[in-house]
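Two complexes follow with chain A in common, the first pairing it with chain B and the second with chain C.
== the complex of A and B ==
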């Protein structure tokens, strides 16, 4: 059935699927060898095109979808009569529906570069950029630790699982179940069991409602307490995916020629594993970049469960209030965040992989 | 003769593989439940049947009732149907686009490959949910088939990449060259010479797309952009959280939908590992 030399050996896991079905060549191919300048040139081109496309979608959809968003927005927003009139004029002007299409498009870009994403209806009259800027620190505080820690711990644990059949049979199924868990459900279970039934953790907000943000141990303690459950649910789901990914990569590396050669030379198993681990780390970095979209989606719903005031929570409010400017702003912020993270991962990849620096081409499909 | 032997051998390893057996049983169980469940349910999913509001599971309401007195079991089985529909149709569309793009890019190579590759990378980098969100937010009426289409159209890139890489390694083989020399059309070469050699890969890609579509739909539903005229497992969880099921301790409202999703997707993943072992003899002993 399988073609000779057709290595199907390494389906690895996170739930977009991108890493469940992969083998090394796909990931190497994504990073695409070559010298550093070419590598970054290509990447930046793709990111620039992506950003362009995203902004275009952001502009296009409100204008070409059926229905009248302005009327919709105003009918949902509970404002008094004179405010409604002001808002209607404002929106009509911002949408600039009387201008020619290309002019509208150009104006959209100009406004964007001035940091003007419109004014929130739900939090009228705060500009969308301000609203989002307030939320971003919470997202960073939640996402960065959970991504880095789950990646680190998952890799360590996955490499450990590949050691013996017994470990593999106990750890791998756990990894698969974790990576199959919808983020919000794990969050709901935590919030219900640890938050309500056992009453150990608070389940709403980023700090206690009785407090005002200030610098003191009590306040920091409250922030950490509120942070822990959303962090833990993001961490666990990510951990499962990373562990499975690493486990599969290690098994693939242990089947490689160099491992067999080392074995034939009589090298100790620990040395072979060390080499396998180092080789498996590179595709794991690419894998992390590919799963960022899924992780961000996970963070959005986790914030909804815990009423954690990041972009996900804002987004829910924006959707419920039909606050289209805020929805569009959230969309752009998410895209920019993911592109930035991708770019950082690219830099890390170049630092770690000596081949990209020396202009050697990696193995290609 | 030879073909028949091969088939029975395949069947033998399929049935012998424990992971595949377990995964398949679980998925089939839920599939059957989604078919017969709505007939067993005595109430419509949104009907307010219990005047007492939220009540734990009982002989009358097998999974209890919601805050509004709706039958959780009825919602659950109808939601299960939606889940399978999104998985099969959404995952199917995603796989199909991935196959088309992957085959075209991998077989043609050159400029076509370059352009498709850039397109694939762009869609790969964009967070799927963000795009779904902006589209769904502007639609006043949303249905499950629409959700399937959106999910399918944003989930294909990784499949396209995987299939492109496979096609790349197959297209220079002797038998493909031979077919080309005999004057076969590219389209025919792809589907009669290349595709059958990576059938296992395609099946596995579909299974993963299936699971991914279910999780994507749950996320979209949970954030308030699910179907406006139907019930789904993600919507059940959203209602449960919005209407204070956590604070009221109505665990029967939010545990079944999440548990079903986790079990189905987990079973699909395990099935995939099993299939991998069946198709790839090298992995069997591990």
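== the complex of A and C ==
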């Protein structure tokens, strides 16, 4: 990358350790608010476009499914030939499926901006927003801790493992096994071993079937107990992947020229490792952003394995029942969640990687 | 200096991460499902309590937050999704709240498939005083759960809803070209008179135990939309249970302590019923093994092994373990060659190895069906003579003989060709994910291929399968939509549904056009329920035609899946218990013996 600007630096010892290490990167503070605005403006435009396209595909895909949702809904319902058509017409009107397709698409966007996602076919007559609002807290409760903790712990542990041959030899294979484990399979193993054989964890539900929700330690304990196994399956798979990634990155960074140079200067090992860690963390963040979709998909199957009432099972049932509106709603939440998480990672990137900031000014300087 | 800077950056990074967490959390409702949801729910429940209980001082505090195990019955296998409607007129597949019809709303009669008898429920008695008049007497002292009296006016009101709204499933009885119920009159508080034009006795008897009676004083002001498709939260019925609360994965019913029927039928022992929806069979299986569920009505493969080892109990101690609930019928699309040829269809019936379906696909959890398709509970309507002459069993040689007799010849690939020389290549379908049926159609395809008929098993998505089923674009497919019934007419009405329309939504999917059989089915509907000989004669004529022409092939009986545990609750209905109850919580089966099971259950004494 061509380096411009007067702060071009040379890798001399006088600049001190940090400047030296970042010989390719230059710290330029946000001198120009306009650039930042332009940077995020551009990012936001890309996100808006992505959102528009993703939501359009989200709207289209269920409609490409073979079959007819209303016919499915009524198939087991109507006993008499005589009133089948009456009910069919009625429901087609209710769901707005009697309109021309372009009109349906327009209506969809209009309703979306009014916060209306339609009525679920499968859970008729419940509005999709109500269905999702009941389910999404469980997903957030499962996903956010497992993503953040597995990322944090995985990286810490990977960096730690890279230091010692003994740890590396024992932990790395375990990490590879974990990261290659399908979420569902690990979940079933947990449910079987910890749930049924040892009988220390419940295998289904979000809280005990013997309780109604209320504020008490017992209830919160029950919620946590039911949350633990699905969380642990998501956490462990994520942990394995992050640890392996970090371990490889650290070994790569420790072999880089700057590390050897620093070593030759007599810097303490802990300092070298610290710098290696900070350089290695950047690809790990990018990796996290890229893998969010996979993690969400993993959470969906994990929820099915543990009968955990998030959107995982909803989505499965919605697809089976050709519930256009619920499918759209579920994917909409996934789209928003993944885009938002990516956006946050973009911000984090700007904060922790000076090159991004330099890039902002660099291109206009 | 350096380390100071680093730590500042560490701090920055961490705070950025935690901000990310906060924003993520902010985008969605709070991550703790406990806290805010609880508050609203308690408030809501408090409101519900006020509506459904007569005691005005009922506080949420009194409603226990943890259910006592010994008072609570845990069931699963009825709900297919979160509860979404408590409208008793919302037909089966839409109502995920099993118990709305049966536990909350009740019927004039109950029906026991085991004894074949209609028994009065809300009714005290019902008699046909002449050919077109049905006189119904209600029991004394019937009440709704809000304390109001249930009277003849409520019955009249309920039936007349069908006269007003064509969208209600029982409406054709009262409205339109096929109407046969002329008027419903409330003679006095406990007497109702039904006047008919040309009664379909068989169907009317079926409706007597399937139409839920709703309270006029609450339903009279409801709009058409509320009545036909409304969710009817806070249902007020006359039944033994009240709807208590629900979540994504459960529905809770609490006993109606003031139920009018406690003195008549006995008070059901479980104070509370928790109906659990599991997202998959393996979860349900685990819960059964752990004893968290008392009665599971899920189809669980391999339950035979668990039953033998004593983990669970089943209706029969040995194969088939389960009662038979409905008939799995292979519908053949008679509009396309070669299935438009009766000889080919009959040959196919001999080419399917039903024994393998029973033994291999189901591991002995089901029974082979009678060629007439009628359930064991209706076996008195099987015509022995017709069966002896026209019945079929797996016999590839016989299949070959029929095919060759009809001019089919074997090609080089060892598969039969049509008499005109064209190759035969057919598909047998069932929805993807219905694992037992997927196994079954594999057996069908394999055994048919062995007999020289080229059939492949294909499993489309449910939606695609259903569309093909109704629009008649399949080759051959499985269906089992006729439930246990008081009348053989129910099955034959499904098999020979007419007229043939563009969309066949509820029967005769293979579009077999045969006026003779249509007339026979219509005639059977009009036979009096007391005229057993007349019903037998009608069935014999239908069976003769059906087995000669073989427009569809009854294969096996799907089970009334039920595995239960005697750990907390006992006295379940079994083969040896002498009870006519059915161990089931399925929607539509409460009045067939599900309620009776609840009444007969006894708690296991705790030491």
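The rule is simple: the second predicted complex is superposed on the first by the 268 of 365 C-alpha atoms of A that agree within 3 Å, B and C clash if a C-alpha of one lies under 4 Å from a C-alpha of the other, contacts with A are read in each partner's own complex, and residues count from 1 in each chain.
We adopt the following convention: a contact is a pair of C-beta atoms (placed from the backbone, for glycine too) under 8 Å apart; a residue touches a chain by one contact, two chains touch by 3 or more.
A quick note: this is a predicted structure, and the numbers were derived from the prediction, not measured.
Q: Which partner does A:305 contact after superposing on A: first (chain B), second (chain C), both, neither?
A: both
Q: Looking at A:87, would you say it contacts chain B, chain C, both, or neither? Reply first, second, both or neither.
A: Only chain C is touched by A:87; chain B is not.
Q: For A:203, decide between first (touching chain B), second (touching chain C), both and neither.
A: Once the two structures are laid over each other on A, A:203 reaches both partners.
Q: Looking at the overlay, what does A:176 touch: chain B (first), chain C (second), both, or neither?
A: So A:176 only meets chain B here.
Q: With the two complexes superposed on chain A, say which partner A:340 touches: chain B (first), chain C (second), both, or neither.
A: Touch status of A:340: second partner only.
Q: Should A:192 be classified as contacting the first partner (chain B), the second (chain C), both, or neither?
A: A:192 contacts both chain B and chain C.
Q: Have a look at where A:320 lands relative to chain B and chain C in the superposition and call it first, second, both or neither.
A: In the superposed model, A:320 contacts both chain B and chain C.
Q: Would you please give the residues of chain A that touch chain B in one complex and also touch chain C in the other complex?
A: Dual-contact residues (chain A): 16-18, 65-67, 69, 72, 188, 191-192, 195-196, 203, 304-305, 312, 316, 319-320.
Q: Using the touch rule from the top, collect the residues of chain A that touch chain B in their complex.
A: 1-3, 5-6, 8-9, 11, 13, 15-18, 20-23, 25-26, 29-30, 45-47, 49-50, 53-54, 57-58, 61-62, 65-67, 69, 72, 165, 168, 173, 176-177, 179-185, 188-189, 191-192, 195-197, 203, 251, 255, 290, 292-294, 296-298, 300-301, 304-305, 312, 315-316, 319-320, 324, 327-328, 330-331, 334-335, 338-339, 342, 365
Q: State the interface residues of chain A toward chain C in the complex, per the touch definition above.
A: 16-18, 65-69, 71-84, 86-87, 90-91, 94, 120, 122-126, 131, 133-141, 144-145, 148, 152, 188, 191-192, 195-196, 199, 202-206, 208-216, 218-220, 223, 274, 303-309, 312-313, 316-317, 319-322, 333, 336-337, 340-341, 344-345, 347-348, 351-352
Q: Under the definition above, what is the set of chain B residues touching chain A in their complex?
A: 6, 10, 118, 121-122, 124-131, 133-135, 137-140, 155, 157-159, 161-162, 165-166, 168-170, 197-201, 204-205, 208-209, 211-212, 215-216, 218-219, 222-225, 234, 237, 240-241, 246-247, 249, 251, 254-255, 257-259, 261-263, 265-266, 268-270, 272-273, 276, 279-283, 286
Q: What residues of chain C sit close enough to touch chain A in their complex?
A: 2, 5-6, 9, 12-13, 16-17, 19-21, 23-25, 27-35, 37-39, 41-42, 45, 63, 65-67, 69, 72, 74, 80-82, 84-85, 90-94, 96, 166-172, 176-178, 228-231, 245, 247-250, 252, 274, 276-280, 282-283, 286-287, 289-290, 292, 433, 460-467, 469-470, 481, 497, 499, 501, 503, 505-506
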